[in-house]
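Structure, as C-alpha cells:
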Amino acid sequence: MSDITAPAPAAPNPAPPAKSSILRMLWADKFATVAVVFLGLVLLCAIFGPLLLGDAAGGQNLRARNAPPFSLERGWLYILGGDALGRPLLPRIVVAAQNTIAIAAGAVAASFVIGAALGLIAGYSRRIWSEVIMRLADVIMSFPSLLLAVIVLYVLAPSVLNLVLVLAITRIPIYLRTTRAEVLEVRERMFVQAAQVLGASTFRIVFRHILPVILPTLLTIATLDFAFVMLAESALSFLGIGIQPPEITWGLMVSQGRQYLTSAWWLAFWPGLAIILTTMSLNLLSSWMRIALDPTQRWRLELGGRVNG
Amino acid sequence: MADHLLEVRGLSVRFHTAQGVVNAVNDVSWHLDRGETLAILGESGSGKSVSSSAIMNLIDCPPGEIASGEILFEGKDLLRMSPEERRRLNGKRIAMIFQDPLSHLNPVYTVGWQIAETLTAHGRPGDEAFARARDLVSRVGIPNPDAAMKKFPHQFSGGQRQRLMIAMALGLKPDILIADEPTTALDVTVQAEILTLLEELQAETGMGLVLITHDLGVVAEAADRAVVMEGGRIVESGTPHDLYHNARHPYTRKLIAAAPGRGDMRRPEEGAEPILSCRGLTKAYGAFTALDAISFDLMRGETLAVVGESGSGKSTAAKLILRLEEATAGEALWHGEDLLSMTPKEMAKARRQIQMVFQDPTQSLNPRMSVFQIVSEPWVIHPGVVEKRRWRERVAELLEQVGLKAEHAQRYPHQFSGGQRQRIAIARALALEPELIICDEAVSALDVSIQAQVIALLGKLRDELGIAFMFIAHDLPVVRDFADRVLVMKGGQIVEQGPVRRIFEDPREGYTQRLLAAGLDPDPEVQRQRREARLKLSA
Amino acid sequence: MGSAQALPVNVEGAETPVMHKAVGKRAISSLLSLFGLVILVFFLSRLTGDPAALFLPVDASEAMRQNFRELHGLNDPVHIQFVHYLGDLVRGDFGDSLRKARPALDVVLEAFVWTLQLAVITMTLVTVAAIVVGSITAFRVGSAFDRFASMLSLVGASAPDFWIAIVAIVLFSVNLGWVPTSGTGTVWHWVLPISVLFIRPFGLILQVVRGSMLSALGSAYVKTARAKGVKNRPIIFVHTLRNAMLPVITVIGDQAAALLNGAVVVETIFGFPGVGKLMIDSILQRDFNVILAAIMVTALAIFLMNLLIDLAYALLDPRIRT
Amino acid sequence: MRFTGILGGALLVSAAALGAASAQEGEVTIVLGEELDLIDPCMATRSNIGRVVLQNISETLTELDVRGDAGVTPRLATSWEQTDDTTWRFDLREGVKFSDGSAFDAGDVVHSFERTQSGENTCEISRYYDGMGIEMTAVDDTTLEVTSEDPQPIMPLLMSLLTVVPSETGMEFTRDPIGTGPYTLAEWNPGQNIRLERRDDYWGEAPEVTAAEYVFRSDAAVRAAMVETGEADIAPSISALEATSDTLDKSYPNSETVYLRIDHEVAPMDDERVRRALNLAIDREAFIGTILADGTEVATAIVPPTTIGWNADVEQWPYDPEQAQTLLDEAAADGVPVDTEISLIGRTGNFPGATETYEAIAGMLNDAGFNVALQMVEVAEHEQYYSKPYVQDRPILVGAQHDNSRGDPVFSMFWKYDSEGRQSGIADERVDQLIDDASAATGDERTALWSELFAYLHDEVVADALLFHMVGFARVAEDIDYTPTIATNSQLQLAEIGLN
C-alpha cells in the first residue's frame, strides 16, 4: 500500500481498450503507427496484388533484362528495375507478397493454434500427457528443420501449403513451451481457484479463464515469429529447398538475385528491403503490443506525448 | 523555524497519469525533531508516502514532478542540492525502511553484503563495514548472526527480513529514519516486536523517526505526534491522544469510528445443528504437516472465525474443505456427506452451496471478464439456477445488494477500487445462494474505512439471508466484531475454541493471550495498558 | 517518448531451471527425446530417396547400384536396418558416411569443433555487447543512443543473413580488402562469419536485456539501494544487472542452441567447415549416418549447454540453489 | 561475471589456435565449388575429384589431347597396338616410380583395373568398362595385354580413364592416394583444404608449380571474389555473371550439354508434330549473351562439337512459334491431347542461371500454345525423374545437363538413346542398331555412323529438345599462366600451369 509504486492508485483505472482508444494508443507511438500503415499496405498487396499485377509480373522481356531502377523509360512498372528475365520488379514484389504473407501467416497461425492447444494440455494436466507433450516438443526442437523441409518437400512436392507445414511444425515448440510455462503460472492465480470454487469444468477454466490471460503474450510472440518465419522461408529458398519458381516469394527473389549482386544489385535489394521493412514493422508492432496489451504498462501509451520530455 | 531537524514546507508533488495531472500531495508541511517520532497517518491514495519519497529523492520524474515547496534538512533545502549531494545524505544521515522487505531486499546478494553496502557506499572500508554489519545483525535480534550474514533474503521469515532492513538502515547511525508501513503484512506479535525494536533503537541513537502508517493502533503505540492525510493534504495534526479524543476533522473522526474491535460481541445461538463437521482433517506436504488432525463443527447460520498467525494452517483448512487441495486424511461432512470423498459430479453439486471470498479481489477476479460475466458465471456453470433471460436483472439485484450500482455490470474489475472489487467478489459468491461462504482474509487487504463497510455488508447478508460464514482472519478486532465463535490455530493445530466473548474476555491458552496482547488498540490510553500487559507476559 | 520500447517478454517461455537432483532426471528424459528423434530421423530420412542414385553417376549400371546398397546395408528391410544401426550404436559405432567412406562420427566431430568455436566466440561477443549496450539503453531510456541502438539492432535482425553475408563480402573483402572473403586459416577469416552471425542474436538479446533491465531498474530493491545512497554505476552493474540477467540467460541459451545446430547459411557462404554445412550437404546427399551422428552430437552439446545455463542460473540466483 | 569470464577464456584459446598461412613462391591456390568426399583415384572421373587427382597424383596409361588434335597420346603407356579383334597390347613406360617409392609395372595396372571392378568399393570408373568383359594380363613388367568380349576400337581412349595405383592398394576406398603423378597429397583437412606438393622423383619433366592448395566454396560469387582479392589463383568455374573481368576471366567450352529429355511413351509427346512444335517454340538464340554466357552454342547433338562424329550438317531448330502453333493445331485436330499439362522438371543450381533458363523456356512454350508447368527440384528428386523407371502419370520434360569431354560419343549414346539406356526417352530399333554398330566400328566408319545417328535423332526421331553447349568461365590470377580447356570440367593438370 505504498503510494509511490503506482502514480495514483486510487484514481480509477482507464477504461478497457475500446476501438478508439486502441487507435489513440497506436497514434501515441509513431513508429508503431507507421509500421501498421506499412503492414496494411503489404496486406493489400498480398490480397489484391496477383489480381491486379499478376500478368505484368509474369511477362518476360529479355530486352528489359536487368533494367536499372529509377527509369521511367519502360513505364512505371519498371521503376524498380527489371529482373534477369526482364520482368518488372515492382509488380513482382507486389505479387510475391501474397505467397510470402500466406506462408508466414499460415505457418504462424498453424503453429500458434497447435502449439497453444498442446501447451494448454501440457500445462493444465498434471498427468503423463504433460510429460509426453514436452518430450514431443523436445524432439521437434532438435529435429533439423532443413531435414524436415527436405522430407516434406520431397515426399509431398514443394508447394506453398507444404512449406507452411514444414515451417509450422518447426515453430510449434515455441508456442507450446511458452503456453505451458504461462499456464503453470496462471493456474495458480486466485481467479482460477475462484472458478474452481464455483465448480467450473476444466475446459471452462482453461479456455475461459487461462487462455485469455496468456493470449497477449502469445500474440506478441506470434508477431515476432511472423518475421522469423519470413526469414526462415527465404533461407530455405537460398539453400534450394524452399519454394521454387514459377511460384515467387520475396525470399526466393532475394536468393535468385544474389548472384547478380555485383552486376545488378536491385534484383536482390528491393525484395530484401521488403523483407526488412516488413519484419521491422512486425517487430515494432510487437513492442507496441507488449505495452498496449498489458494493463499495467498501458499508461505509457495513454499518456501519449504529454510526458515527452 | 529553522531549528527543526527536518522540515517539509508547502510541498506539492504531481504525477502525470492517463487521466491527466494528479496532485499526489498538495501544499504539505510537517517537521521532525531529534529523538521524536512523527506518524503520518492515511489510507491508500492519501499521499502519505510521497513526501518521504521526495526527501529520499526516490520520485521518478517522469511521471512524478515536484511542483513547489522545500524540504529543509538542518536548514538546507534538499531540493536545491545536486543529486550527488543528496546521494551522500541518503543512508548516512537519512535512512529509510519499507513495507514488504522481501521485494525491497536484493534477492541475489547475501544480507550481510547488503547491510555492509550501506557503509561501503559511503566510503567505509569493506572489513570495517562487514564487522559493523555483523554487530547490527546481532543487535536487531537475528539468531546466529555469523551464519545469517551469509544467507539470502528468501531464507528469512518476514519479521526477520524487516529486522534486517532496519539493520541496513541504521548502519551509519542516521539522524532520521523513515519507516514506510514497516509492520503491514506482518503478524500482530511480530508487529509489536518490530515497533518495540524501533523504539529501543531510537532511544539508543536519538534519531528522529517518521512512521508512515494506515493503522491508528501503530500511531497509538509508537508516535509522539501525528499528521493525518487525506487526498494529498494534511487534514489534521496533533498528539495521538488529542487526535483520538478530540478529533476535529470529519475524516479523522471517520477513521476512528471505522476502527474495528469496539462494537458489541455476538452471542452464538444455542442448539443449532451443524452443517459442516470436520473430523481429523490433515494435510501433510512430505515431512511437513500443515494441518494436524483438526476437528470442528460449523452450525447453520453461524459465523465461525478462524484466527492464527501466518503458517498456522487456517487457509489450508479452507482449501481442503473446498477440494482446492486434496486432504491427506480426515473427513469434512457437509450435511452428513463427506466432501472429501465425493465424486467430481457430486462435488460440483456441493459447490453450489459452499462459496468462497478470497483475500485479494484484484487477483480473484479475472481481469478480462466484465462484472456481468463474473457475477453470472456461476449460472453458466450451474445451469438451471437462474434462467438465462433473468440474468441481467438478477446481476443488477446482486450488485445492489452488495452496495454497487446496476450499471456497474458492464465495467471491468480494474475500474473499481479495492473495496468495490471485494463487493463484486461477494456478489459472485451470493449468486448461487449458498449456505456457507468461506472468507479467507476477505477484508485484511482493505483500508480500515472500507473494511468496516465490507464487514457491515457481510453482517447484513448474514442477518437477511441466514448464510453461515467461515471467517478466516489474522486481525483480531475484526473477528471480535463479526464472529459468533472463534477457533484459534497455531502450527496446524487448534489451540482453543469457544464463543467470541469467552475467547476475548477470558482467553485460557497462553498463545491466545499473547495474540490478544499483541494487538494494537487505536486508543492511546488502552494501548498503553495493553503494552504493559504484553511486557508482563513476555517477561 | 516511451512507446516503441520493448519490455521484457518471455520469448521462449522460460521454465524455472531445476538443480542438481534434477540433472539425472533431465538426462533420462533427454535420452528419451533423443531416442525418439533418432527413430524419427532414421525412418523419415529413408523416405527421401536412394542414396545410391546420388552417390553414383546417373549412367551407373544397376549392378553398381546394387553393389552400393549391399555395401551399406541398404538392401535390408528398413526395420532390420534400424536394428543393426541400434546394435552398432550401442557399441559406440555410428556407422560410416555413405559418401566419405569413413566413420560418420569422425566426420561430424571434425565439423562440430568448428561450429563450437564459432558459436562460443559469437555468443561471447553477443552477450558482452548486448549486456553493455542494453544496460546503457535501459538506463537512458528514450535517449538518442537508445533509439539509435534499438533501431539499428532491429534493422540488423530483420535482414536475411545470406543477403548480409554476400553484401559484406562484396563490401569488406572485394571493395575494401580489409578481410578475407571466406574460408579458414587466420584470425581474420573469422571476422566476417562472426559479424554476420552476431547480428540477429545481438538484436534479440539486446531487446531482452533492455526490457529486463528496465523492469529491474523499477524494482523495489533498487529503491532500497538508492535510499542507502548507492551510486548509479553499482546500482546498474551490481544490483540490477545480476537480477536482469535471469531472463537474458534463457534467451542466450536458445540462441546458442541455434548456433550449435549449425549456422547453415553463413557456413555455406563462407565455406566454413562447420556442422551446419555438413548437415545440409548430408541431407541433400542423403548421407543418413552422418545426419544421425550430427543430430546426436549436437543434441548432446545442447544438453550440456542447458546444464551450463542451469548452472549459470544457480550462480546468479541463490533462490534456485536452495 | 564469472560466466562471461569462462567464455572469454575459450575465445582466447580458439583465437590462438588459428595459425597464419601464407603463400610461398611457386605455389598456387585453386578454389573449387564442391568439397571432395573422397580422394580415391578410382573416383577420378567425378569432376571435383578429377580436378585434384587426375594426372596430378594419379596418371593413366593414355591421355586425350584436348589442347591440340593429336587424339589419344601416351602417358604411362608409351605405345599400343591392336593384336587381334578383341586384344590390345600396351607397352608401358620404364623407370616410373610411385610416390611411395615402389616401381610401376604392368601388375599395378592389372590391380588398378581389378580394383575398380571389386564389389568392396563403389569405384566410379568401372562404369566405363561395364559389360565389355575386359580382362587384363601382365605379359611382363612393361607389357600389358587387354582383351574384351567384343571388339573395343576405343580401348586406348578407355585407358585414359583408368588411374593407376600400386598393387599394394587395398580394395576399399583409400584416403591416402599413391600415384605416379608429379604431385603427392601432402595434407587433407576435410572441409578446409587439400594440399598437393611436387615430387622430386617424377619420371617426366618437373612442372613449374611446386605446390597447390585446393579450397572449397560453394558460392560462385565468393569463388570469383577470392581470385580478385588474391586469396586464390585459379577459380576453374565461376558463373558467367561474375565473369566481368577481361583480364582475369577466360571462357571455355565446358563439355556440358543442356537438353530437355522427352519420354516418347506419354501423350502428347508421343506425337512427332508435338515434339517438333516443342523444338520450334524455343528461341534458343535469345538466351545467349543474356541469361547464358556469350560463347554458349546452340546444340544439335548431346555431345559437344569436339566429339568425333559430331554432325555439322544437322541444322539447329529455327525459332518459329507460328509453325509450332500450326503443328500443335494439326495434332490437336487428330485428337492428340495437346492441352495436357506438361511438367517441366528443372534442377536447382544445375548450372548458373538454370532457374531463369527454365522459367524462360516455360514461358516460351506457353506462349506457343503449350500448357507447361515448371517444377524446380533438388538433385535427389531430379534423379527420380531423370532415370528409369520414369514417372509416367503425366507428360514430363526433364531439363538435364550431360557432360562428355572424352571425345567419343560412346560415353553418351547408349545411356541417353538406346532403348535400354537408363535416361533414354526413346525406343527406336534403328537407333539401337546404329549405337551398336558405331561402338564397334573404328576410324572413319565410326565417325560416319555417329554422324548418321546424330542426324537421325535430331531430324527424324526428334528425340528430345537439345538446347545448348555450355561454356564455363575460369578466373585466373594475372601472374598465372593457365588456359582452361574443354577438359577443365573434369581435370586440372597442375603441370599445365605456368607462373609469370
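Note that the chains take the letters A, B, C and D in the order they are written out, and that residue 1 is the start of every chain.
Note that contacts are C-beta pairs under 8 Å (C-beta built on N, C-alpha and C of every residue); 3 or more make two chains touch, one makes a residue touch a chain.
Because the structure is a prediction, the values reported are computed rather than measured.
Novice: Which other chains touch chain B while also touching chain D?
Specialist: A, C
Novice: Which chain pair is joined by more contacting C-beta pairs, A-B or C-D?
Specialist: Between C-D and A-B, the larger count of C-beta pairs in contact belongs to C-D.
Novice: Roughly how far is chain C from chain D, centre to centre by C-alpha average, rounded to an integer in Å?
Specialist: Centre-to-centre distance between chain C and chain D: 38 Å.
Novice: Give, as an integer number of Å, the spacing between the C-alpha centres of chain D and chain A.
Specialist: Computed from C-alpha means, the inter-chain centre distance equals 45 Å.
Novice: How big is the gap, in whole Å, between where the Cα atoms of chain B centre and where those of chain C centre?
Specialist: 49
Novice: When you check chain A against every other chain, which residues touch at least two of them?
Specialist: Residues 150, 154, 240-241, 258, 261-262, 303, 307.
Novice: Using the touch definition from the top, which residues of chain D touch two or more other chains?
Specialist: 221, 378, 380-381
Novice: Scan chain B for residues touching two or more other chains and write them down.
Specialist: Chain B, residues with two or more chain partners: 58, 98, 100.
Novice: Spell out the part of chain B that touches chain A in their complex, as residue ranges.
Specialist: My answer: residues 15-19, 22, 24, 44-50, 53, 58-59, 62-64, 98-100, 180-181, 184, 214, 322, 324, 347-348, 351-352, 354-356, 358-360, 363-368, 377-378, 380-382, 412, 414-417, 425, 428, 432, 447.
Novice: Using the touch definition up top, name the residues of chain D that touch chain C in the complex.
Specialist: 1-4, 7-8, 10-11, 14-15, 17-21, 35, 37-38, 40, 45-46, 119-122, 124, 126-127, 130-131, 172-173, 175, 189-193, 215-219, 221-222, 225-226, 228-229, 231, 378-381, 383-384, 386-387, 415, 422-423
Novice: Quick one: in the complex, what on chain A touches chain D?
Specialist: 58, 60, 62, 65, 84-85, 150, 154, 157-158, 240-241, 244-246, 256, 258-263
Novice: Which part of chain A faces chain B closely enough to touch in the complex?
Specialist: Per the touch definition, chain A meets chain B at residues 1-4, 7-16, 189-191, 193-201, 204, 209, 212-213, 295, 298-299, 302-303, 306-307, 309.
Novice: Quick check: in the complex, which residue numbers of chain B touch chain C?
Specialist: For chain B paired with chain C, touching residues are 56-58, 60, 87-92, 95-96, 98, 100, 103-110, 117-118, 121-122, 152, 154-155, 165, 168-169.
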